[in-house]
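The following pair of complexes shares a single chain, chain A, combined with chain B in the former and chain C in the latter.
Then we have the complex of A and B:
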């Protein structure tokens, strides 16, 4: 009896989390354009209609480019920083750790406003285009990726047996070889998880990007938000379904390398 | 004889010390070069911008010319706290964030407990189902709620089909819609925070309580809850912060009339270009969020320290 009540309550919560995704998926297959229930019939034509909406196609490719590049930059600077935090004891280590997690703590809107005014000031000082450029947007996205990489790689370094590295060096490996042949394979789960979370954070980022996109440049989340402010119809639902499939696919692929349930 | 040994001992000790210092210096250099790129990127890309934003919040705004004038004034903060329109937005944001956090805690605990204790081979899949919505983005989830809440949406169509109501309920563009939307967005964070802590609590502790005659309610109150408290605290604070800073959900489910702090900041920047006031609201939002989180942390820690 108690067990049933517990499972029921858990199922209810899971249903509550999934409900909006189920309904937006349902809407994508409606035949009529108005989102009224029950549907008059079903159709696949809305998926074909996405190709005509330039904003979604351009937004998707911009978000994808940003996500991939920001993740690569985040890994390039975040993995060494995580090594430093896990390996060395030095004054100010705690402060450094907090600083690198700061982009996760500062609200998205505040990230956006502060970077916006910074770009304004930098433009004045350096006399060059910064505000609204792709590089400025990429810098912002790289910054929100860093905390995920640092956090998850540091966690995977916590249970690391350093004697293996020493053994490699005793056998004549130089520090680079040791890193790429010994350390890197052992912290791979942390890197894969950090890359997944970083990519998803960048790809889905809305609040910060709102302040940083220039005229005529839109990321996918911004395109979705602006469309929804105006109307809800099966076209936007079809876009949503594609996004759900993309993210779900990325999770399943990642899950083959490292169990998602172990890193979240 | 003894003297020379001590001297030699001293010298080798000195040499050892020098080598150690050099090694430590080398380690310090490695540590610095490893962490430097990330530190510089975050410091230049975020820390300096935050300082500039704070400086902007002390500037003046000339409304007639739509221009910012350099000054050192608290006028923007005074304006925020003396105008009931803005204080109402702050209180509404607090009310929504607190309600959402309470809902997430009540709904999240059973799910987190079941996920933590299940032996099912579908456990990984279940956790992925909790994480997936988290990754999909707030706007997409708001779109799902819009199909449910509309006047011809799924909820109204069902209720009218069953003959329970004759007029469609107004759910869209209400505080209820926003609270439901944000609660669903934040629930996965609460569940994951609780689940990781509950997994660390041994089953034997629960069984010990039962064998000593505790009923499930007493076991929960006296054993499980106190032990899970770090997770409860982490989840509550995370959910509260996310609720305070919500953007897409209030914009889409609350409509233009329903203002919360996040959209208010955006409006000041993008709508009326009042950067100093927008900067001040940003800092009010960040400070209110941090103050309440830290206070909650302190109160709970004090109460449960034995």
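Then we have the complex of A and C:
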């Protein structure tokens, strides 16, 4: 009886999550321009229409570039940070740990506004172009990637047996070699998962990016929003389906190397 | 293989003396066991030999060279960790090859030496497995093979058997010892298990509170313990507190007068071995001491029984009786007589640090 109730509740929740995805996917294949039920027929024309819309193509490549670079920066900062947090005891350690996770809980709008104000002030003080530049946008995206890397790498370090590192040193590996041959491979699940989630967060980020983009520099989520302001045809749905496929594919590939359910 | 010398080695953490002035020489091919309760400094000593801890004072010599300040990766010591510390992401063969790759050996050499090391521990057939696919005993043998593959100057074993079940432990003891002899490995092992220490060692080092209490063979430690701690830690001891009154006269706290070997007058402890005490229903003739007492407790242990006998309000001894099926087994409350010869007892000055087994 309890089991039925539990399964029912789980199914309901799952349906609640999946229903919009299913509808969007369905919609992407409708033939008519104005979404209405039932569909008049099915076609792939909206997928073809994406390629004609420059803003989507440019937005996709900008978001991709941003996501990849922000993830690399996030790893370069987040992995050493997680190692320090997990291994050393120093004053302010807890505060630093919370600070690094903060971008996860601060609303994107707040994050965007504060960065915008900061960029304006910095531009004024330093007398150089900051606002709306690619680097400023990249800095913002790196900040939302870092917490994911820190969190997931810290999790993978939690049960780390440090005598394994001692064993490597005992066998002739100096600390440098020990790190690359033993420590890094052992925390790889956390690193891969952190990178994946960081990338997805960056790729899909809308609120913060709205404050940071400059003229001619439109990320994919913003391009979608702008398109929606004027038209509602299934092109949007087609773009969404492609995004779902990209992110879902990345998850599946990652899951082959690292069981995501183990690290999140 | 090489000889090891610890020369007046100490390690202090602030006011805490983890290891105090340890001097020890281990000959080429010798198997020495550091034995002591937890916190006695034996593991710290082992880690100083491996190079994970730098001594506060004294020096460590391996073969002809002084390695006191050499980092672990520059020493040629093979350490088997208590937790095995296998590389979880590498196969058995890759684990064993690790130290050889660090020594930049050629591929063919590495393959040959990995195969040789795995053959020594009879794990050739599991070379491709990951550590988590192995049983505890197999993991332990991989750890041993990994340490042996580098042909270390010295083999260090840190409680290597404590994670194995009792039956396997007995087998592995013998296996390790045979391998060590066959390869002529200079070996230092750390354990808190006296039976393990006694069965495996050429020589034992008994430690307590950071200091060496006695170094010697099994027989030395058992027959001639240097102090009350050793008497209680190696084998079993049962003790009578009191003072030496005159030549060959010991008066217990409870006022019993006992004949003993000569010793300096003053407070002292008389140490006896439970298995060397005689017990009978009648006073014993032909021994130096025969004292009456009342049986307070009996525990039947199969091969033997322990009988706790109260000799006076403040004196109690434990007598172990071998169970041959025909002997005298007293019951609780019975009056018995306990006897021993003066030569069977050892005298230690009182206050020599306690910790009775």
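What we mean here is this: the second predicted complex is superposed on the first by the 259 of 264 C-alpha atoms of A that agree within 3 Å, B and C clash if a C-alpha of one lies under 4 Å from a C-alpha of the other, contacts with A are read in each partner's own complex, and residues count from 1 in each chain.
Going forward, a contact is a pair of C-beta atoms (placed from the backbone, for glycine too) under 8 Å apart; a residue touches a chain by one contact, two chains touch by 3 or more.
A quick note: this is a predicted structure, and the numbers were derived from the prediction, not measured.
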Side-by-side fit of chain B and chain C on chain A, or clash: fit
Chain B versus chain C as contact partner of A:56, first or second or both or neither: neither
Contacts of A:46 with chain B and chain C, given as first, second, both or neither: neither
Partner chain in contact with A:22 - chain B first, chain C second, else both or neither: first
First (chain B), second (chain C), both or neither touched by A:186: second
Larger contact residue set on chain A - chain B or chain C: B
Partner chain(s) touched by A:169 [first = chain B, second = chain C, both, neither]: second
Partner chain(s) touched by A:148 [first = chain B, second = chain C, both, neither]: neither
Lowest inter-chain C-alpha distance for chain C and chain B in the superposed arrangement, angstrom: 5
Complex contact set, residues of chain B against chain A: 27-28, 30-31, 34-35, 37-39, 41-43, 45-50, 52-53, 56, 107-108, 110-111, 113-115, 123-124, 126-133, 135-148, 150, 152-154, 157-158, 181, 183-184, 187-188, 191-192, 196, 216, 241, 244-245, 247-248, 251-252, 261-262, 265-266, 269-270, 275, 278-279, 282-283, 285-286, 289
Chain A-facing residues of chain C, complex: 50, 52, 71-74, 77-79, 81, 83, 85-89, 98-99, 102-103, 146-147, 150
Partner chain B, residues of chain A touching it in the complex: 2, 6-7, 9-10, 12-14, 16-24, 26-27, 34-38, 76-78, 80-81, 83-85, 87-88, 90, 96, 99-100, 102-103, 105-118, 121, 139-140, 142-143, 146, 150, 200, 204, 206-207, 210-211, 221, 224-225, 228-229, 232, 236-237, 240, 243-244, 247-248, 251-252, 255, 259-261, 264
Residue ranges of chain A in contact with chain C within the complex: 161, 163-164, 166-174, 177, 181-182, 185-186, 188
